[in-house]
Amino acid sequence: MTRPTPLPFEKLPPRAFHAPARIRFGDCDPAGIVFFPTWFALANAAVEDFFRDELGLDFHALHATRRIGTGFAHAEADFFAPGLMGDAVLLTPLITRIGGASYGFTMHVHRGAAELLRMQLVTATTNLDTRRPVPIPDDLRAALARYQERCTDGR
Amino acid sequence: MTRPTPLPFEKLPPRAFHAPARIRFGDCDPAGIVFFPTWFALANAAVEDFFRDELGLDFHALHATRRIGTGFAHAEADFFAPGLMGDAVLLTPLITRIGGASYGFTMHVHRGAAELLRMQLVTATTNLDTRRPVPIPDDLRAALARYQERCTDGR
Amino acid sequence: MTRPTPLPFEKLPPRAFHAPARIRFGDCDPAGIVFFPTWFALANAAVEDFFRDELGLDFHALHATRRIGTGFAHAEADFFAPGLMGDAVLLTPLITRIGGASYGFTMHVHRGAAELLRMQLVTATTNLDTRRPVPIPDDLRAALARYQERCTDGR
Amino acid sequence: MTRPTPLPFEKLPPRAFHAPARIRFGDCDPAGIVFFPTWFALANAAVEDFFRDELGLDFHALHATRRIGTGFAHAEADFFAPGLMGDAVLLTPLITRIGGASYGFTMHVHRGAAELLRMQLVTATTNLDTRRPVPIPDDLRAALARYQERCTDGR
């Protein structure tokens, strides 16, 4: 485990998607900073925005109607600086790998230029009724690949 | 990132500390399984029990009175099987490293013999008023070392 | 809305059910006290314990297998004193009304002798697939009535 | 406890403040609907937006710098219809009472024209260090009164 170095916001790919979030009073702990599990909940909310606004896919229909789960096989965060109540932050997902039944992405979280934390997440697609792995659906795979390419092109 | 293999409960050190937890309805998501950030909240609760019941230290006084924070520099989880509502689980912390101003530990989560997930956590001790790193307090360091030794002895 | 007066723990019915809970670091906000929505989550957890340990009914099977929901039509709390991290509290449900498709109960929360808050909750039983009201199932109705009687007898 | 009747969105005062919120996957429970304590957390987030965007007051500085708490003495909700994942909702606070050291407000939650739930909340202003009641600060009192008047005028 080598500790990554914070990346200034301007070094992100210019065409990357950013999900805004506001740090709430109730997200913070008695130390006055974001309670760390909340960052993972904010990342999941950012993925919902990313699906709807960037990939053009309905995250909720994927689960409720198509019965495809997008649970995590792996979730990891390196914390560089604390988030404080009232902070406006941007969450930026970047695809790192598209496999058969899983895909990996980095989620950068910035407040202004400063990266507060970075998450590495691996999503496994499953059938929600059998709880077994299923291949990434074609429309999701294509949308992830297009986004990944756009981010790489723009560098 | 090589994916770890689940460890059967009986392979844990015999003198390891176990914090019990019950998976609640409200911990679960529309997929009917534990919403993954909740596992990190349960790990933090297990650390509080570990401090009180195993290390003999008051986690809350550490923060509120001594003003020492035990925030995370790194948090990571590999998910092997989902937790379901009503599940009784045991969380087992094992110390992996005691540094100058941080310590690392693994948190195993079992339901019966099966490991559901495994977390790797790095805690950095800080001064809560300045938000700067401080050396691990002596009483905490000694207690962590004793527990680490006890777990190793017992193997 | 007349504000109720805190009830000392010893005034509760002697045969009432008590669900223990521990206030966690992550349950508390930057003011250092329990973030108020968390009290409602703790109440729901206490109801799960009450079903299993007092009523002899499986709350989770009721939802997952029998597809009967026990959502709230009304939820209300009067806060008398704050909960602090590390506090051990007891939650005591007392049935106030058993109707056709809903039942009401009070949830007292005590730390030692002192009542910290009191909730008034109305649960409506629904079919989880149609989201329509259904009569309280017979086994639940009978168990609630027995518990209500036991609490009244003991006064 | 008489159950209120849902109010169509167009019956709200025309100059009322509305805080938008999006229902997240992680806000929902295994019944597929918003876990009810989450509504109170969303109400608190709406109050933060209301302070910043309508009252022109910094909610977080109020707590962190001025050390004035705005905890709840009473919180209550009537649930009319469930919130579903992906829903876009609007939260509308309306001041009902401005007292010496507390103020009351209604929080309406609408999805489109339909009111999903209505909360009644009483905030008590306190000194965060002594945890004793303090008079509502003058700037907050004046801002609340102006907003209350604006909502009444507009009817």
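Letters are used for the chains, namely A, B, C and D, taken in the order the chains are written, and counting of residues starts over at 1 for each.
Heads up, the rule we're going with is that a residue touches a chain if its C-beta (ideal position, glycine included) is under 8 Å from a C-beta of that chain, and two chains touch if they have at least 3 such contacts.
If you want to know which protein each chain is, UniProt gives these names: A, B, C, D = Acyl-CoA thioesterase.
Since we're looking at a predicted model, the values are computed, not measured.
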Inset, instruction - Please decide if copies subunit A (Acyl-CoA thioesterase) and subunit D (Acyl-CoA thioesterase) contact each other with the same set of residue positions, more than half shared, or with different positions, and reply same or different. - result: same
Inset, instruction - Determine which of the two chain pairs, B-D or A-B, is joined by the larger number of C-beta pairs in contact. - result: A-B
Inset, instruction - Starting from the mean Cα coordinates of subunit B (Acyl-CoA thioesterase) and subunit D (Acyl-CoA thioesterase), work out the distance between those two points in Å. - result: 36
Legend entry - subunit A (Acyl-CoA thioesterase) and subunit D (Acyl-CoA thioesterase): spacing of chain centres that average the CA atoms, whole Å: 29
Inset, instruction - Could you please state the distance in Å, as a whole number, between where the Cα atoms of subunit A (Acyl-CoA thioesterase) are centred and where those of subunit B (Acyl-CoA thioesterase) are centred? - result: 24
Inset, instruction - At least two other chains touched by the same residue of subunit A (Acyl-CoA thioesterase): list those residues. - result: 25-26, 30, 32, 35, 37, 41, 44, 63-64, 85
Legend entry - subunit A (Acyl-CoA thioesterase) partner contacts - residues on subunit C (Acyl-CoA thioesterase) that touch it in the complex: 25-26, 28-30, 32, 35, 37, 85
Inset, instruction - Note which residues of subunit C (Acyl-CoA thioesterase) are touching subunit D (Acyl-CoA thioesterase) in the complex, please. - result: 1, 3, 30-33, 35-41, 44, 63-64, 69, 71-79, 82, 120, 122, 128, 131
Legend entry - subunit A (Acyl-CoA thioesterase) to subunit D (Acyl-CoA thioesterase) touching residues, read off their complex: 22, 24-26, 32, 41, 44-45, 48-49, 52, 58-60, 63-64, 84-86
